[in-house]
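Shared chain: chain A. Partners: chain B in the first complex, chain C in the second.
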Partner chain A sequence: MEIFDIFLLEAVLNGLLLGGLLALLSLGLNLIFGVIDVVWICYAELIMCGMYAVYYLHVQYHWPLLLAMPCAIAIVAALGVVLHQFVIRPVLGAEPINQLLVTGGVLFFLQAAATLVFGIEFKNLGVALPAIAVGEMSFSASRLLAFGVALAGMVAMYLFLTRSYLGTAIRAISQDRAIMPLMGVSPTRIFVVTSALGGALAGLAACLLVLQYDIHPAIGLSFGPITFLICVLGGLGNMLGGFIAAFLFAQFISVGGFVFHLEWGYVIAFVFFIAVMFWRPQGILGSK
Partner chain B sequence: MKYLALALLAATPLFGVGNYPLHLMILVLLWGYIYTSWSLMGRLGLVSFGHGAFMGIGAYVVVMLWNHYGVSPWLGVLAAFGATAVTALVIGYPCFRFKIVGHYFALVTLALSEVARLIIVALRDQTGGSLGATPNSALNEGASASLFALQFSDKRVWFYIVLAAWLAGLWIWQLVDRSMGRIALQAIAEEEEAAASIGIHVTRTKLQVTMISALMTCAGGVLYAQYQLYVNPDAVSGIAISLQMVFGVIAGGMFVRLGPTVGAAFTILLAEALRYFFGNKFPALDTTIYGAMLVLFIIFMPKGILGAAEAGWRKLTAKSPARA
Partner chain C sequence: MLSLDNVSAGYSGFQALFGVSLEVKAGEAVAVIGPNGAGKTTLLRVISKLIDPSAGAISMEGLPLAPVPAHEVIARGIAHVPENRRLFPRLTVEENLKMGSFVPSARKKYAENIELVYKHFPRLKERRMQLAGTLSGGEQQMCAIGRALMSGPRLLLLDEPSAGLAPVVVQSIFELVRRICTEGYTVLIVEQNIRQVLKVVKRAYLLEAGRIVLTGSSAELLDSREIQKTYLGL
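Up next, the complex of A and B:
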């Protein structure tokens, strides 16, 4: 029983670490939705692009990781702007469901294009961070690093949104889209900045994920759905809600996966999501 | 004209078409049928990403019952229908009762299709997990058909089976289209509160069309499994297949009866044509082009191929002096 408890504690702590990463994933999507009112279904595919960017810059062109990663973040931020200008902008006035679906088309495109360009082989950065042992438990250093950077990224985002002029304008737009142009804020410009920020957050997530997982073109499908569900569970556009939901989800996956089997952890988390939707369709912290 | 085309279509296998073209036609008709089932809901504002779950239930319940208990697919399909109806009710009723619409409906149903896929993978001792499963063959000693096991090695038999399913799908589409329910659902899609205020039972009407659509998709899953004689979780459930249905319908046009079929024909023939011209040098070229075209379709041609063609045709005929 003693052993069981210590492994359970390890599962809980690993869930906490996973939660930090999931919270970072949902942050970018929530930012985009809160401001532009569009769900980027292809968000995880942007992350996949970022992972390939880190891989190619580091492994193929031998850039040091500390240079390759900021570059990858910049590349994905640029992708976010391109996505907004060429795909989202033409459908801003269209029906909401078309806005949802158009980024689904981008998902197909990016996934297939990645297969075409990069091949279907699993690629690995070849950087293995050591495992850290605490008592009888062990944690991977890359997970700890991801957790720390994710938290730091979220704090930075919070400070930017609350302390800077641009951040204030972004929050204002998300509260009332119609009135802000009258106050001298250009929604068009804010949308572009927000897309770049959302892209940059995806890029940051990519840099953290690439340390833990192999890269392949379909990797987006393995954490894309869960990111949407977290955002919806927390209340679409509500960043704090997304934060809480991410940690809840991570516990279900980690502890559920520990007690039963990894897939069952996900099944429990998804069923929990569906049940909460019936109880609070607007999400945990969302407002109607 | 319509019947002549249908007769020609029905007669094609008799002209000794090769196995490969016949296979393509079967796929187009089968997916055309499944896309038609999806569009019953989609065109009335219920955009579901959960149809992968219904297809997966159809395919796996039948194959598992056959493999583990020797239950004939004819009985298995009843079990699959039962399971699908329960699933659709458990998800649909609260969704409609608590007014989960639009984005939220799409994402809740997305969770459903992932749950279906994950359960299939998790039960790997029974289902074979991600590797998939093959129904035990009932065709021993040179037999080419087993009605009891719903296994036929002759593609012509399958052609007529899926042709019948496809025609039945179009017929149901028409029945729904001409029913009061369709008008009610259109009103609901426009403005739910207003529809309720004139006495439309929103939850019940939505559930009815969801049931029809889910059961039809389930039957599609059964046919798919029995035709391919192979199922795997990614091919019949999960987010990828659900998105494929949605986009196939959008490409073809979801507001016209043959739109989903045109979408199926377009996507399958595009993939085959690109493979024919470029060989297997570029493995994902077809989906790359397909994805780019989808984006362009939704931006510039939201009514789909057939929808746009019909609108164009109407414009042309309206301009002709005979009408004026």
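Up next, the complex of A and C:
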């Protein structure tokens, strides 16, 4: 019985670690939606691009990881700006369904382009971080690292959004876009900055995921749908909601997977999602 | 300080202003009065460049506003308190004020300006950490005016500051506007509450269906047959 308890605790703690990562994933998507009112369906594909960037810079060009990773973040941030300027901006005034379809198109474009350029074989960094044993429990060091960095990234984001002028303007614009020029703020510029931030968050997620997972052109499908569901569960555009939903979701996956069977964790998590949607279609903290 | 010369403007398929000319001199408090739908709000929106005039010229301190994009108008010394206050409801009072000092020239004077705003509106200081959406109507109007003052403007545009407020609060808002007018700000105020606003300003224009139909000192307008009959019910 005692053994069972300690493994349950291990599952809970692993769920916590997973939750941090999922929270980081949902943060970028929520930021973009909250500010620009557009869902980047291709968000996870930007992460995939970031993972390839780390891989090529490190494995092919032998850059140290600590240089390759910031560089990959910058590359994905730039991708976010390109995505906004050339794909989102022309459809800003269009119907939501058209905006959804156009970013969906980018998803398939990036997937196909990655297949063409990088091939379909699985690639990995070949860096294996050790498992860390705490008593009878064991945790993956890369997960611990991912959790720590994700948390630090979110705290930095929180401080930026609440303390700086630009961050305050980003929160303000999601509440009243039309009067921003009266404050001396150009909405166009804020959208570009927000897209770069959203991209940078995807890049950061890429750096953390590439330590744990193999890279292939369809890797986005492993994170994209779950990230989107978490955002919807928390209330699309609500960053705090996304944060709570990520940790809830991760516990269902981790503990559910431990009590029953690994795949059952996901089944339980999705049943929970569907149940919440019946109860609160706008999400846990969503409004209207 | 501000001059409009034959300005026409409108929205797609509908013209709201027809050849409006007006002048506001430095240190003056001027009102534009008129009924609902006369084009008063459009007039202020044209000055702030939120919409472009279809004809005519606007200049501020002798320089044309035509080439200035909307978000740079505030840097030219014009602050606009929009209709219905339009605070950011989920930002705190202090964050709303901070947004008013977004332009680089105002950021440097943030500490100085916020002290000034809190001196004018001690109530805002008490509520500085409160979300703006939870303020009462009168407090929201104070916050909106305070936010505009945070940019250190030379010209203040006020759009219907009394709209939607309880009669008691309307009194105190006009008292406040009177105080701002005597503090050396140049003020252009748009109001439907004609009797009250004419007590505060020295001079006014009557706008009807997009055209200036009457202008004069407040006393002259209060005495005019037309205003008495149509607007004051005398």
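Throughout what follows, the second predicted complex is superposed on the first by the 288 of 288 C-alpha atoms of A that agree within 3 Å, B and C clash if a C-alpha of one lies under 4 Å from a C-alpha of the other, contacts with A are read in each partner's own complex, and residues count from 1 in each chain.
Just so it is clear, a residue touches a chain if its C-beta (ideal position, glycine included) is under 8 Å from a C-beta of that chain, and two chains touch if they have at least 3 such contacts.
All values derive from a computational prediction rather than experimental measurement.
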Partner chain in contact with A:Met180 - chain B first, chain C second, else both or neither:
second
Scan A:Gln111 for contacts with chain B and chain C and give back first, second, both or neither.
first
State whether A:Thr168 touches chain B only (first), chain C only (second), both chains, or neither.
second
Looking only at chain A, is it chain B or chain C that touches more of its residues?
B
Just chain B (first), just chain C (second), both, or neither: which does A:Val127 touch?
neither
Under the stated contact criterion, what part of chain A meets chain C in this complex?
165, 168-169, 171-172, 175-176, 178-186
What residues of chain B sit close enough to touch chain A in their complex?
45, 47, 91, 94-95, 98-100, 102-104, 106-108, 110-112, 114-115, 118-119, 121-122, 238-240, 243, 246-247, 250, 282-288, 290-292, 294-295, 297-299, 302
Touching chain B in the complex: which residues of chain A?
39, 87, 90-91, 94, 96-98, 100-102, 104-113, 115-116, 120, 217, 221, 224-225, 228-229, 232, 236, 261, 263-264, 266-267, 270-271, 273-274, 277-278, 281
Chain A partner, complex, touching residues on chain C are 48-50, 69-75, 79-80, 82, 86, 88-91, 95, 98-100, 102-103, 106-107, 147, 151
